[in-house]
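Pasting a structure here, questions to come.
Should a chain be cited, it is by its letter among A, B, C, D, E, F, G and H, assigned in written order, with residues numbered from 1 in that chain.
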Amino acid sequence: MTEEIIIAGFGGQGVLSMGKILAYSGVMQDQEVSWMPSYGPEMRGGTANVTVIVSDERISSPILNKFDTAIILNQQSLDKFENAVKPGGLLIYDPNGITRQPERKDINIYSIAAADEAAKMGLSKVFNMMVLGGFLKLKPIVKMENIRKGLEKSLPARHHKLIPENEKALTIGQDLIQPVHVL
Amino acid sequence: MTEEIIIAGFGGQGVLSMGKILAYSGVMQDQEVSWMPSYGPEMRGGTANVTVIVSDERISSPILNKFDTAIILNQQSLDKFENAVKPGGLLIYDPNGITRQPERKDINIYSIAAADEAAKMGLSKVFNMMVLGGFLKLKPIVKMENIRKGLEKSLPARHHKLIPENEKALTIGQDLIQPVHVL
Amino acid sequence: MGELRLMKGNEAIAEAAIRVGCDGYFGYPITPQSEVMEYLMAEKPYETTGMVVLQAESEVAAINMLYGGAGTGKMVMTSSSSPGISLMQEGISYLAGTQLPALIVNIVRGGPGLGTIQPSQADYFQAVKGGGHGDYYTIVYAPASVQEMADFVKLGFDAAFHYRTPVLILSDGAIGQMMEKVYLPDPIPRRTEEEVISQCPWASTGKPPTREHHIMTSLDLDPAGQERLNLLLQEKYRVIEEKEVLYEKIDCDDAEYVFVAFGLSARICQKAVHLAREQGIKVGLFRPITLFPFPKKPLQELGKKVKGMLVVEMNAGQMIEDVILSVGFQIPIKHYGRFGGIIPTPDEVFRMLKEKIIGG
Amino acid sequence: MGELRLMKGNEAIAEAAIRVGCDGYFGYPITPQSEVMEYLMAEKPYETTGMVVLQAESEVAAINMLYGGAGTGKMVMTSSSSPGISLMQEGISYLAGTQLPALIVNIVRGGPGLGTIQPSQADYFQAVKGGGHGDYYTIVYAPASVQEMADFVKLGFDAAFHYRTPVLILSDGAIGQMMEKVYLPDPIPRRTEEEVISQCPWASTGKPPTREHHIMTSLDLDPAGQERLNLLLQEKYRVIEEKEVLYEKIDCDDAEYVFVAFGLSARICQKAVHLAREQGIKVGLFRPITLFPFPKKPLQELGKKVKGMLVVEMNAGQMIEDVILSVGFQIPIKHYGRFGGIIPTPDEVFRMLKEKIIGG
Amino acid sequence: MEEKFAHPELRTPENLVYKRTDFLVDRPLSYCPGCGHGVVHRMLMEVVEDKGIGSITIGISPVGCSVLAYDFLNVDMLGAAHGRAPALATAIKRLWPNRYVFTYQGDGDLAAIGTAETIHACNRGENFTIIFINNGIYGMTGGQMAPTTLPGMRTSTCPYGRDVGIMGHPMKITELIAQLPGTYYVTRQAVHTPAAVRKTKKALRKAIDCQDLGKGIGFVEVVSNCNSGWKMTPVQANQWMEEHMFPKYPLGDIKVDGELVK
Amino acid sequence: MEEKFAHPELRTPENLVYKRTDFLVDRPLSYCPGCGHGVVHRMLMEVVEDKGIGSITIGISPVGCSVLAYDFLNVDMLGAAHGRAPALATAIKRLWPNRYVFTYQGDGDLAAIGTAETIHACNRGENFTIIFINNGIYGMTGGQMAPTTLPGMRTSTCPYGRDVGIMGHPMKITELIAQLPGTYYVTRQAVHTPAAVRKTKKALRKAIDCQDLGKGIGFVEVVSNCNSGWKMTPVQANQWMEEHMFPKYPLGDIKVDGELVK
Amino acid sequence: MAKIKGDIVVNIERCKGCEVCIASCPFSTISMSEEVNSKGYHFAIKVNDDCTGCSNCALVCPDGVITVYRAKVTV
Amino acid sequence: MAKIKGDIVVNIERCKGCEVCIASCPFSTISMSEEVNSKGYHFAIKVNDDCTGCSNCALVCPDGVITVYRAKVTV
């Protein structure tokens, strides 16, 4: 199994840490992972994205131009990455912040209204975990118990008390995700 | 005609300027010349030498290990350069400062007691010109008139008044030089 | 026992340094490698292992701090990125001339000049041919993964001390910034003063009455002496070329064409090898791990078996010179490069292999 | 009309700079090239032509003064020797990246490190492959006489401005210190401000209301933009390689063996050619005058006609790589080098030719 | 958008009392919200406009957040290597004595890597203007310790606070260069209040006027916030600056007409 | 040689009152006749001897005439790149806190190319000793202008005398670094008379004793002659030094126990 | 009666919502909008009619987005 | 009567004839030799018997070539 994912959105949306937790969970179940962010001052207030690869084999290129899954959190990112999804692949987006719907017909498209839901529930801090939950519902590439372990590893000890909240968000996300166009 | 000369002695003996005047004189009569000094802090109180080449043709290497003429002003230099004179070549030395006589039998050897004479005559400043005079007597590779021109060119204007003294030294040197071993 | 972690390349270097018993890190911030010092400052090894971590006033100061530390037998390192490494060239030449062990990490970004902060491999020549003055080489390791970022710290220090020579890790912004799984070995305690003194009997550590004073210098005003030093260095480089070559061959056994690439480019080419094999084209990858010593002989051997080579670099064509010097002109050897911070994609390099080498 | 003088190489450079209408010299003392600045300070061109002469606080400052001056369209130069040139590598990379014209003189001494003050050619790689970071080249002229020291100042400035690129004169302590006859052309007046502005329409000279403001920089945070700049640079280097190659062939027409050497080594080899011809051995000399662009094609042609080449350098083997890359492996190409300030003699190189190439 | 308290009738050219000078390029500044760089840019350009020297001014931006100053200041500019702006300016002013030349530098640039260039340009009494933005941190590279970082202050390379015993003392380079005979006007200002901004503009004017006298460097330090680096809101940052930066870096003139006044 | 006034009978170990310390290597110094470097070398080594720290002392020589100091001082030494001695010393002292570490630097080395390293080591309050030989010229490279060259003084790069308008002012770097909180003892001495030599020795002792306190840099400037560069006899040079150098570089302590005293 | 009356124009798209202007206004005329501009920033708006055109806000605005007008008006 | 008597030993081969010692002697005991050493330098010699072994000369000697002895002798 090799899953190649791009996660993209605004700087403050937790894009990088979502990728990090996913990657750490992969590590927990003994898979190969890579996490390759965009970096630099253009991140300041701008867009951020991260390529995450989880695989049973040694990972070759950490930098890709085609992905199995694209998780998209703003319009700029949709514009940039819609065409980078492999035919038959998966695109997940949060409609908040999207002004133009994705148009591809050869891929599976899901939407997840996590931003609104998180705001409503006062869980904005773990909005990204909702999105991750949605993704994992569709592609359970890592086991929930490993996500927990991943959270433990990637959060500093003083934040471990937040793990239950994160797990809750994961569950909510699984319910929230909706098909838009399924092959 | 190509004449390859090494002039060697202590730092203060005017070795470099003797070479410079010779080279400039060569320029004055439209010959090719090169003047290549030893340089660096080792000169401080130590030995100095300069390779002068005067030629009708373009000069290839300015650095040589064999010379037509060696003009030697101290013992260290004699030790270093006696064997660098080409067979049949010329070695001129000032006996002041020499403790061991040159031993080569396949070259022409002359001595010139310029240091003593210059001290006697109060001409120590132009001691080197005496030596040059002696050399030019044996090998008149540059004309006297060109030496004068060379002096004019190589001395700063404020020192031009010293030219007559230099010319006098040249003449004295021509009388002073003595054969030691002639092939 | 060791430990498994998910880390950035830059962090892995820092953590590996602590674990290998490094005595001192001296550096100056510059993107994309500032995490090395930031990680160290956060970990405070000065409170645990006693490792010194100091933010210098400049890269020039940093490399000369290295020189001081190395001259006293300590295990010292710095890291920077391209412009900062250029400022270190005098210091690196001094380290080489004085035969001092030190580790220098260059997380390359796009140049020339201020350039970009995106990854690049355009400092190959500087690293391999000697960016400083005089006849010297540094051993150069080119990691292609976060694991290697960690591993090569130990490898680098071992070689540096074995040969008494500065060692360079030539990586790039992408490997510095990306996270991967990394296995970290158990920490090795820092050497005691006594151990330093006995393991580095040449160093200036304080002169006991029982020996002559030690002098660490690269100066010899006497050219004959300077030539002797140079001959010694050349002999050392010869031994290094004989003994320290590292490389990796992937799918080369039956390959008709090969990519030659180092570091990040090699990983991209590895993916391209998969793409090619999927299409039934027999492609392999030759990855020099040491750039100096360059794997001349294995590459030459490979050159006799394949029909062509595509050298892929994130630069305008630098390592290709060493490839040609190794392989010769019998088979087509072409270059494909992207620059200024652009990373080629696997598709792209595969297409280029077809265009430039396979034909059609 | 011009003028004939007997001068040191270092002085010739300084005098040529005044006569070519150079606007500014910025330097820091270092043996064996301090005479360049000393001559200028004694001549006081600031009182005659208006040329600025300034002793900087360091070589780092000097090269950045060059950057400032060059960015305003002025004709600026510096000179130094090996360790000082290493300190300038960041600045040279910036000059190249910003496409600024400037002249840099390296009177090479023995390295690495503090080394010696005696002549050497061990900075070939640094000069030719780019000692700084990023993909760039500087045009490199290698004078072999005092006359060329003077002549290449004009050549260098012309090329620097034509291509908007830093130009290096790579000489050595011997040529810097030796005196030869030199013909100095009549002085060219310094350009007026108006001329500078009209001849350098790209420069930052003060923004009149009629145009956009000018920005001299090598930064482009956008990798695509940075790649475009790099492609532009590479195209420039291609043109330079096509148009600016200079070399000299001596006695090559009927030669069976040739020396390949630059600068001082070439003069020594020239004498060795005489020695060989005296013994009836048909030897020639190929002297690259530009080291970048390297005279690849003429050397390749020559390679087809001769039986072997001896590359003679005052280093451990640097230009030989470019010779092999030009000629290939069909004929034996060997290296003979002396280092650390030692100059080989004509006898010696002739003997080596016999030993290593002719055989017997 | 409905503008409830708008008075469009007042918006006529005669009534215009303040607008962004045209000597700023019409594009968004790249700085973080609330960062002082923008104000200093504007004041500097107002001085250039007031003096009418736009076409004979050459500016130098550093490496730091203000690396892009050349994109905003509508005069001819050069981007220096990190720390070397005073070297560029030295050459430019000597080669173009009738141009007004300024450098614009951060604390890392001017007081760390560029220390030698700063001190020697000041010591030589070069005839240009140095504008020095002291925000106590390396903004551009993500908030590392600067020479001017306060004791105890946290940055990414002193995450537990600057420990002066290990990392050295905050450096008052402005007081240092004021000691040098080559500086003619040296002052420290801020731009967080209207009054401070006005003073800074006067100071900049005075510093640039120095170039008419040819008696040495005019040097204006501006203590400024780096709210991103300090991890505060802009308003908090300005307050923290008053409370913590000003005691260490007191505002006011240090040297006037070549004489120390403090 | 006949020694007319010799008293061989006095030459017994008990009567020995002064001899060259064994901490100087038994070989001729490479300095010009009458150059002050030799005296400073000797005093420094006497202090090392007196303190009994020879085996735990690490010295750093610069690039300058004293580049060969490592050949003469019989302690472990390193030769720094030009100007960078304080960077070496910083690392060494931090890595070997129980060693005594000193740099020995000329004015070109310390106050020109090495300005940043000098200032920042002093500012960080490193715990080593800096010995600074100010002879107003670059001796080793043949007498070029130094940052400390006096106005009007002739050198090979100011053959008509230093013109402060073009070449800048002589720099009093010692006064400058005394301003920094990281320096603990700062003094200026000379070695041209027996009294001066004695004071210099005391100053060196005090500066090295600073390392026992760990409160910052001990810094000893020695104003010295470079008779070669000045083109005078040693005796003339010492006199010229008194008349011309001392007024600009007055002798005496500048900072004692961390407090400015001048 | 003649009175000094001021007005400000905020370049909304350029405003970064840093709030530095707010405290500088002697008449508490400025506050932040509820809405955000296309960059996602709240922006400065006038919340009363007391502006005298003193220009304080414009002076301190880091992004120079405020233009100020002032006139004597008869009330 | 007991008197302080001093003596100096000059390492002639190492003396560079700089003459710095001469002025430092309170008793004008030192002068330069007529002869030169093997390096060509005149060297310091004692020219009277007034030396008290005060060590001034040795202190100022740049090359550290003077060794000083002193004793109470009965005259």
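To be clear about the criterion, a contact is a pair of C-beta atoms (placed from the backbone, for glycine too) under 8 Å apart; a residue touches a chain by one contact, two chains touch by 3 or more.
None of the values given here were measured: they were computed from a predicted structure.
> Using the touch definition from the top, how many steps at minimum link subunit E to subunit H?
Minimum step count, subunit E to subunit H: 2.
> If you average the Cα atoms per chain, which one ends up farthest from subunit C?
H
> Is the number of contacting C-beta pairs greater for A-C or for F-H?
Per the contact counts, F-H leads.
> Averaging over Cα atoms per chain, report the distance between subunit D and subunit G in Å.
One centre to the other, that is 60 Å.
> Could you tell me the distance, in whole angstrom, between the mean C-alpha positions of subunit C and subunit E?
39
> Give me the residue numbers in subunit A that touch at least two other chains, ranges are fine.
40-41, 45, in rising order.
> Using the touch definition from the top, which residues of subunit G touch two or more other chains?
Expected reply: no residues.
> Could you pull out the residues of subunit E that touch at least 2 other chains?
32, 67, 79, 81, 112-113, 115-116, 120, 147, 167
> Enumerate the contact residues on subunit E facing subunit C in the complex.
Result: residues 63, 67, 79, 81-83, 108, 112-113, 115, 138, 141-142, 144-145, 147, 156-160, 166-167 of subunit E touch subunit C.
> Which stretch or stretches of subunit C touch subunit F in the complex?
These residues of subunit C touch subunit F: 23-24, 26, 52, 54, 56-58, 60-62, 64-69, 71-72, 74, 76, 90-91, 94, 98, 193, 204-209, 213-219.
> List the residues on subunit D that touch subunit C in their complex, please.
Residues in contact with subunit C: 60, 82-83, 85-87, 89-90, 93-98, 108, 110-118, 120, 122-123, 125-126, 129-136, 217-231, 233-234, 315-316, 318, 321, 324-325, 328-329, 338-342.
> In their complex, what parts of subunit F are in touch with subunit E?
Contact set of subunit F toward subunit E: 112-116, 119-120, 123-125, 147, 164-165, 167-169, 171, 175-176, 179-182.
> Which residues of subunit B touch subunit D in their complex?
20, 23-24, 27, 32-37, 39-41, 59-66, 153-154
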